[in-house]
Amino acid sequence: MSISPREIGSDLVSIRRTTHSPGITLVVAGAMIGVLTGAPWIFPASFVTVLMNFFILVSMATMWNLMAGYAGMVSIGQQAFVGLGGYATLYFALKGMSPYVAIPFSALTCALIAIPVTYLLFRLRGGYFSIATWVVADTAGIIIGTIALFGGGTGRPVPGFTNFSPTQITNFAYLSCWFVALVVIAGTYLLLRSRLGLVLSSVRDNEISARSSGVKVTSARRTVFIIAAAGCGAAGAVLAIAQPYVQVSNEFNIQWAAEMLFVSMIGGLGTVEGPIIGCVIFFALQQSLQSYGAWYLIIFGSLAVTIAIWQPRGLWGAFRDKFHIELLPVGYWTRSKKQ
Amino acid sequence: MIWFNLIIQGILVGGFYALFACGLSLMFGVMRVINLAHGDMAVVAGYVAVMLTPHFHIPMLWSFLVVVPLFGLVGYLVQRTLIQKSIDRDPFTTLLVTFGLSVVIENALLQLYTANAQTISIGSILYKSWHPASIIYISYQSLVVLAIAVVVLASLQLFLSKTGTGRQIRAVADDQEAAQLSGTNYRHIFGVAAAISFATVALAGIAYGMTTQFAPTSGGINLLFAFEAVVIGGIGSLWGTLVGGIALGIAQQIGSHINPQYTLLGGNVLFLIVLAIRPQGLFGKKSSL
Amino acid sequence: MSNDFLAVNNLTVHHGQLCAVDDVSFSVQRGEVFAMIGANGAGKSTLMRTIAGLQKLTSGSISFKGQEISLMPPHKRVKFGVSLVPEGRRLFSSMTLEENLQVGEFKSNKGPFNIHRIYELFPWMPDRRRQLAWQFSGGEQQSIALGRALLTNPELLLIDELSLGLAPIVIEKIYALIPEIVKEGLSVMIVEQDVAQGVGVASRVHCLLEGRTSLSGVPADLTSEAIERAYFGADLNSTKDH
Amino acid sequence: MSLLQLEGVSKKFGQVVVGEQITFQLEEARAIGIVGPNGAGKTSLFGIISGDIRPDAGTIHFEGNDLLKLNSAQRARAGIGRTYQVPRPFEHMTVFENALVAAQQGARLRSQHSYDLAYDSLERTGLSEFANQPAGSLTLLHRKRLELSRALATSPRVLLLDEIAGGLTDLEVNELTAIIRQLQSDGIAIVWIEHVVRALLNTVDRLICLAAGKIVADGDPQEVLSSAAVRELYLGGKVVGESVQ
């Protein structure tokens, strides 16, 4: 079947992809990357530990936000890929690969497992999809828990750190968490600026219009699901390295999905910045209320529910709508060439 | 004979799952809301029963007389406030809100009652069982729970088909606008459906507490069972839910027979197979998905 | 407040940004049959839904029996005496004929209609009362919807697109019932795109074109040319201009 | 060979017939209008052609290929553009990005080529001055034009227009019909559902009247509108019809 595009004049319009001051953004981003890379040598150990957990959650939440905020898929089973990523790292490490090298392979393993899973899950919509993701996570956890090589239900330590000193192990663990977060955020940002990003935004806004504009909605969704599986797998891998111990009840804990969901909702669904800001609030709350047990989660959950009902664009979304500021612009600005 | 026992045990536990699931199914049918905090409400009911009975000097067995109506009221109020607000936004929000609620409830329970397991001890004849044949045993307790489930489902069915309010509930589920044009206040009916849902799950929660130990985090797994029963049986069919619950129970028994670790896996596998082959469930219509 | 039974004043209704009803005023008197005609897209159904309370108005007022009702929720309007037979019948599909009628009867006002009376009006119904709603033909469904609305014992019955998708014989049969309904003391407002039917049964006619009033009056005073112009908004016999 | 060819297309939703044995052909660069009462199946017909609805029976061929084998995205890519009666813009994206999605996905263009096509489609409907505004902020007229622009940016051979003149003022309708006539003379075939009859009469060279899913009249617009079948359908009964004659 042939398409014959109408004759149109070329170079009608010029396109700009950045807003006001990309220079400043770049300088700030560069400085931040520098400081965060040097964090183990700059900050006290306790803060570095907090940062590590922060980066693990940021990676997961960014992936969850990509699925829910752009493709409308509310997964409460992303812990499946966190767990599979962790256990994949354990497996590769047991087979003699360095755990650090295993990170990308673990992510890839998760992506491969996600492919057949989409064919099953995509038969369901809305809430049924959500709970089915959970069934998948539950099933994966049970199966992993019965494998003797992985230590069954009690888990086992991740090997492969014998050549390093304790300080090195801690620093490398931090750097792994940080680099995975950096790659996930930068990758998500670049993805959203790409053709696929435009497609996802259109699906987010109106699925029917998107289809009739030629968007292959299901395959876009599938791509996102697979990417999110890989991203959460990488997060699970660095979680395993940080511990360094894997256990079904920790890696496959639904608490991960809850935290991903809460931070994305509070920060703002459908924005790159939202989950990061949500995570900052989450850890600020956790640190300041840490002597009060689970109260920080109760407060944070209530805050998330409140925001979902009364401020569905989230804190960053509301802020951006009001002040028209974009730290990480993904849009297109046109200027006609005729004038 | 072993297989016969597996099926018997499956049926017994299946009744319990159906009791758990019917409220979930009703709320989805009437207002298209999947209450992800459904399982947690059962656990809360268990805790309320444990907490209340010493104060009221009533036997644990009769705690449901207080707890079930109380949960009906709570259900009505939660629906008219939080859930209705999120329905007014969109289906997406109802998922986020009920999941948020679920996590908040679990952690609140953890904070208040620690992670220690609780039981509702009834210390009576119900702990005995009946052995009609050598390896078949039927616990009276499970039999009672199954009987309660069947009675609840039958009453619900009767209520929905024979009473004015019941027909209003079905009318709202069929066509919300047309129901309003017939004088139905759909928001009130949503509240009534939620009240029934909460009341039945409270009953299920107490039954659960009498059968086994429970902890603040037990809600999740029970929601999973309820959901699996609903999907296997077919969305929107009450008796389908019972059949789904029984099928789930049998699948779990078969799993546990192969390896005790595979109990839950058996149910999940059946669920995934149904999903792959017949996503509308055994008794569901295709359009309801 | 005026003495009109139903008074609609300067009513404007939007669907999102689309102005579906634009500054329309009319009144319906007690005991009359009032017909609203117009092509599809003219805003008739929106108007009916607004009177019944299913749609919010942008501006203007609706008063019934001297009381402003535009903020009343739909089920309260039913209790107050306004009942709508919606476009497309909208029966409860998982219910039987009789159950559909019972839903209408459940919260009804006092009045002449009960299920027994409906079965008299439609003698075919009793034998088939246990059949599910979707198993009936279009005309039968329309009769059930009409019965369901009558069972709330309204003082003002609104009927939206009664003849839509029905065979002429069936339409005629249902229309023949309208005088019987009026005899019980009801006022009837019908919406029709079938002009002849509307004009034939009504004591007064109002025509909408693209949300605005294009014609109104007593049937005897309206020429067919005037109706046609009001209906299409164009003279069909004019030549095509390029 | 016709550009678009429907043969015996039928569709029922339960008891409601929205299409019964619909057969017609559309030649290149022609414009057909479709009229009919509420519930006649006009929008469903578009749904069947664009792939939102699966017919129960019948065949649809586009440039000689079987269209029923394609899903709606593939049909948009193959050259079938459509607008919806209630505009459905991508609210949180700019007007330009709205058109760009169609240019990149529907017309399969990349980088500068896609920018040019998207911008050109906005210029054709007079929207280019709003290119950088969020689509959610547009007025109804501009939303309707954006529907049209987005459909155009898929580089269609056939354009299905669903009531794009509804709710607009006379002046706005005239501007819109001028745009559509221009598109037709550029070689795009048009099928236009419209109840604003005067807008149709100025534009189409053939009119189809649908009722209860069936084609009851098909031919010259004036003749179709003044045919007995159509008059009876709209104005009802014999009373009015006869007195006009």
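Letters A, B, C and D mark the chains as written, and numbering starts fresh at 1 in each.
One rule holds in what follows: a contact is a pair of C-beta atoms (placed from the backbone, for glycine too) under 8 Å apart; a residue touches a chain by one contact, two chains touch by 3 or more.
All values reported here derive from a predicted model rather than from experimental measurement.
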| item | value |
| --- | --- |
| B-C against A-B, pair bridged by the larger set of C-beta contacts | A-B |
| Centroid-based (C-alpha) most distant chain relative to chain A | C |
| Distance from the mean Cα position of chain C to that of chain B, given in whole angstrom | 43 |
| Centroid spacing, where centroids are CA-atom means, of chain C and chain D in whole angstrom | 30 |
| Chain A and chain C: spacing of chain centres that average the CA atoms, whole Å | 54 |
| Arrangement of touching chains [line / ring / star / complete / other] | ring |
| All pairs of touching chains, each written as two labels joined by a dash | A-B, A-D, B-C, C-D |
| Complex contacts: residues of chain B adjacent to chain C | 161, 164, 167-168, 170-171, 173-175, 177-186 |
| Parts of chain C lying in touch with chain B, wherever the complex brings them together | 52-54, 73-75, 78-79, 83-84, 86, 90-95, 99, 102-104, 106-108, 148-149, 152 |
| Complex contact set, residues of chain D against chain C | 14-16, 37-39, 86, 139-140, 143, 163, 166-167, 195-198, 201-202, 212, 221-222, 225-226, 234-240, 243-244 |
| Of all residues in chain B, those that touch chain A in their complex | 28, 33-34, 36, 82, 85-86, 89, 91-97, 99-101, 103-104, 107-108, 110-111, 220, 223-224, 227-228, 231, 235, 259, 261-262, 264-265, 268-269, 271-272, 275-276, 279, 289 |
| Chain A residues within the chain B interface of the complex | 72, 74, 76, 120, 123-128, 130-132, 134-136, 138-139, 142-143, 145-146, 254-255, 258, 261-262, 265, 293-295, 297-298, 301-302, 304-305, 308-309, 312 |
